[in-house]
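As written, the chains take the letters A, B, C and D, and residue 1 is the first residue of each chain.
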């Protein structure tokens, strides 16, 4: 249940509404503190109580609208006039006027390789480093990542470059371990509806990058973020990375309409991963540029010094010069939509 | 790597092949003991070693074919001439000439209701009871099941009817708890690629019913079963329950071609869940009958005494008389394809 | 707009309702003459007039319900208690208790081949012959069929076997030509929404087999049939042949839920084409059996004496002995659901 | 079959290769005249002849590569180093450095409305006017357009503004009529594989805008364009307008990866229609901007003075001030990717 107060209504009216709700045993949260106050009840409310409240509240002074349209994603919801929330990532941030580009190899394979990549992408203007230490693999017999050793290399890459580290956590019992090394916990597409993992991620004090499942709707993605926020962690960003369709020219079909839909429904920042969607490196630049034009707050791009030798996803990975070139083109499009990439002059 | 020996070749030739493989440090498993012996290596084998072995083995007496076509699902794979494996479920079984019908409510809601349903479906010829104690829910604010209390009611239903119990486990730390009460662990569609859960299920001595994810291919389903078998648990059955497509008349599109594809690629039994696919109770009978004709070893059907009052999935749930009527029609089609439903005369 | 009269209401009440509608300038059609009379207005009715009529009619004696739920497919719609319409195909029929199996090669390639196939499938119990003389091809450089020469061979096959001929018409200017030779005009999946072709087919006195488009919903299929019926041709049957999804193991995903949905919404017979959906001959029998169990009135199956040599679709075509074997199995499942295949003893 | 000659090889070598091909009865076309000469044979070539030619040609001086990889879309194919072809539309063009924006109502409804829209979009910088006189409708009872009367209004709008007119032709017997009034013939998504229509469009001297079918792959779109070019009309442009997927927040899922794929495989210009894909006007600007960043040569946008009153597609139509605002933002993104919109200063 969401109660929108009239803009500029006196605080006493807000207090009276809160009191009326609390008298009925509800825990009221302030979704937006102003200029237009929006109040919300996150917990499930019985139909009977909702009807009663709607009746009572609608008559109280200062109340503009009582709605339950967005009751399923209350904390994730974008209140009227609300700005995109800025999520801090190490010393950087995402959600404001700066475009965040997260770059690095699909999997952390060896120390030298990762450090070389990290330095190169940092020099090109990347804002964070990515790399998988724990890798979900379709087959039980594929390379599954270096585990904690990989996390240590990532931490070393952070030391070297000053950039925050984004890496995947695949199971709730590894959340604590990954959070010790990473700046941002990535929840992968296969785990988007792994509710135990979402709730564990909701209890740590690290930002979470939540990827959309291949077979999941935008609405389900909003609801999965709600699982995290409902446990107390407000630092969540979405990641659109393509959905499964009949088209086989690409690995997945990047759904860029998800960007404005997510921005219109939620205050959380939106990242786009063109690499996994495309599945072919020659398509990555066009999709990356399109994502920025569509309003994405950030990008996540797979980069490797020698893509042909990468242990996973080499076909969709661009090399270091291609990344450097892409950053310059991204800066131009970012500027055209009112954003900047720090350190990259368009 | 799979090595098929000629039918009727002497045991000494088989032993020589095994010895040649073991000398190279490989652990050889007997995928099919006869009449045509098939040997397999489950662990990843380097390209170099594979090439070497292929060269050496091809010249050895008795060897018919050295193949790595199915290396990704070696344990799940259906060897030449192999029958469907029979999986035991409590005192019943699935995979043989008897059609297994698993029936019950979507979620365990209250004791009386569950016991009433269990008795009724048992009387109609069901071979197992289903009911969710832990429910995955798209929204964090929906009813998530009774937890252990629900498991106890399910165990009571088993006492009462003698039927084995199938229920979902959602997280690997609950595998032990659920296995204490259930006869079959269900892994739901959202968790099909939750690899930590698959591996935990691979280490218990209970059959696993693995549902296909909404956005997952049949090949991925085969590989997820391989995760379980690779950990030692051979008692796995697949469950086709519909995939996501553009069609909105049904909740999901039931992909019945998955039945013959799974049977041709794997020796594991196949169950079909028409209820979740249809999303509308009036479509359930036609899809259930079709599944049996397509060769399914079992069905999983949502049944409730008063579907309109069910807390979840009421729209796709049939009532007790409809289930009884459906069982009679299923017995006729089962007979037409050479199967029987114990206790139901066609 | 649909007006359902109470069962057994006097004819004078029906006449009064018709008069009230005609006074408002509407052309009233009798959708179902009894026992429950259902009246319909096919032409578009303005919102204003609908509201007015609903108000007036609801108060008239004998009127049970005024509905505009099915106004988009009024002629196609299945009235209360209505049976499936029986469509005559040459000397045979579809829609009653007899299962119609249409069999033959994808394309008519040569006379001898076609006549051999026709005689063989007739001997196995097929009820009609199929074969393409005009072939839609994805590439402009592929074999496009023999044209009128192919039609002549088909007519010769009919002479020889007594079976009616089903063949595709691709453009409205060929409707007359194809209708001269064929017993049933097939409108292919790519042309489902070729409205000029639908309307031309609506003006001939030959049955039409309308295939669902690969990217079309069941609702759109219903509406395309309405295009044909609205022009006066009531002899239409649907054909489900698979839709496009992300699954690549099959050519398309056969949507068998379409069978009960079409039957519940329309009085027209439903045919299923398992060959095009499967794309692989080893999957055809399972899907054919499933279609009959799901309630299909007919099947359309690609058969060729030597599938490996067929100029198109060989991979999904079964040979003559496989067809003969399948017919026996189909007869068993048909019997289980209350149907028969004339000439094939289960 | 495609034969690529070495860059800079003497003309005598090219002539010798052509002669060798012609001696075998093939009609050789010059796909690219230089600097790297590429020769092609469009007609189907037997496997036997292909093998023979490959053998002979590979040994001839100057031949770099003999390939049949692209044999299915030979005329549509982008030769090495080839630029995008510029297609003339009335006095304007598409495919060069100028971004073409085609704007107007979904359907031509009344003269005043159309003229008002045409003048407004021209003033905002549109390069062409769109509007449907013949409308494909899912239901036979929906408004199907004004027909020739609508074409006359469109011609009047062209007189008034000087802008070329894009309008749909739905059946091959109307090609001549529509071509009398229109500057560009649009072939709609439902008719993408209406081969009779494609071939008729291949024989007129007007550019064709070919929309991708909702259920069709990019490869099929390329092949349908080949149908038109093979009949002699080289003035074709593609239009991506979204495909059908499971996501229901949008009408269709815009597949922007199609833009770079089409550009890499073909020399023909690419237009994107964000309006039909989005289905909601609030998503149109983000998708339009993204399409330009992805490399589209043009956009097609539905605009109406009062979208809420439009007879069709009002929900996805933007109003005149929104269009004017969008053009300014498009000009900025166009500039960032090296394009301009004539008359709109970024």
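Definition applied: a residue touches a chain if its C-beta (ideal position, glycine included) is under 8 Å from a C-beta of that chain, and two chains touch if they have at least 3 such contacts.
Keep in mind it's a predicted model, so treat the numbers as computed, not measured.
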For subunit D, the least number of touch steps when starting out from subunit A: 1
Per Cα centroids, the chain farthest from subunit A: C
Whole-Å gap between the CA centroids of subunit B and subunit D: 48
Centroid distance [mean C-alpha coordinates] between subunit D and subunit C, Å: 35
Residue numbers of subunit D (touch at least two other chains): 215, 243-246, 248
Touch-based graph of the chains, sorted into line, ring, star, complete or other: complete
Contacting residues of subunit B [partner subunit A, same complex]: 42-44, 71-72, 136-142, 170-173, 190-191, 193-196, 213-216, 220, 223, 226-227, 230, 243-244
Residues on subunit D engaged by subunit A in the complex (per definition of touch): 215, 217-219, 243, 245-250, 253-261, 264, 277-278, 282-283, 285-287, 289-295, 329, 332-333, 335-337, 346
Residues on subunit D engaged by subunit B in the complex (per definition of touch): 215, 244-246, 248
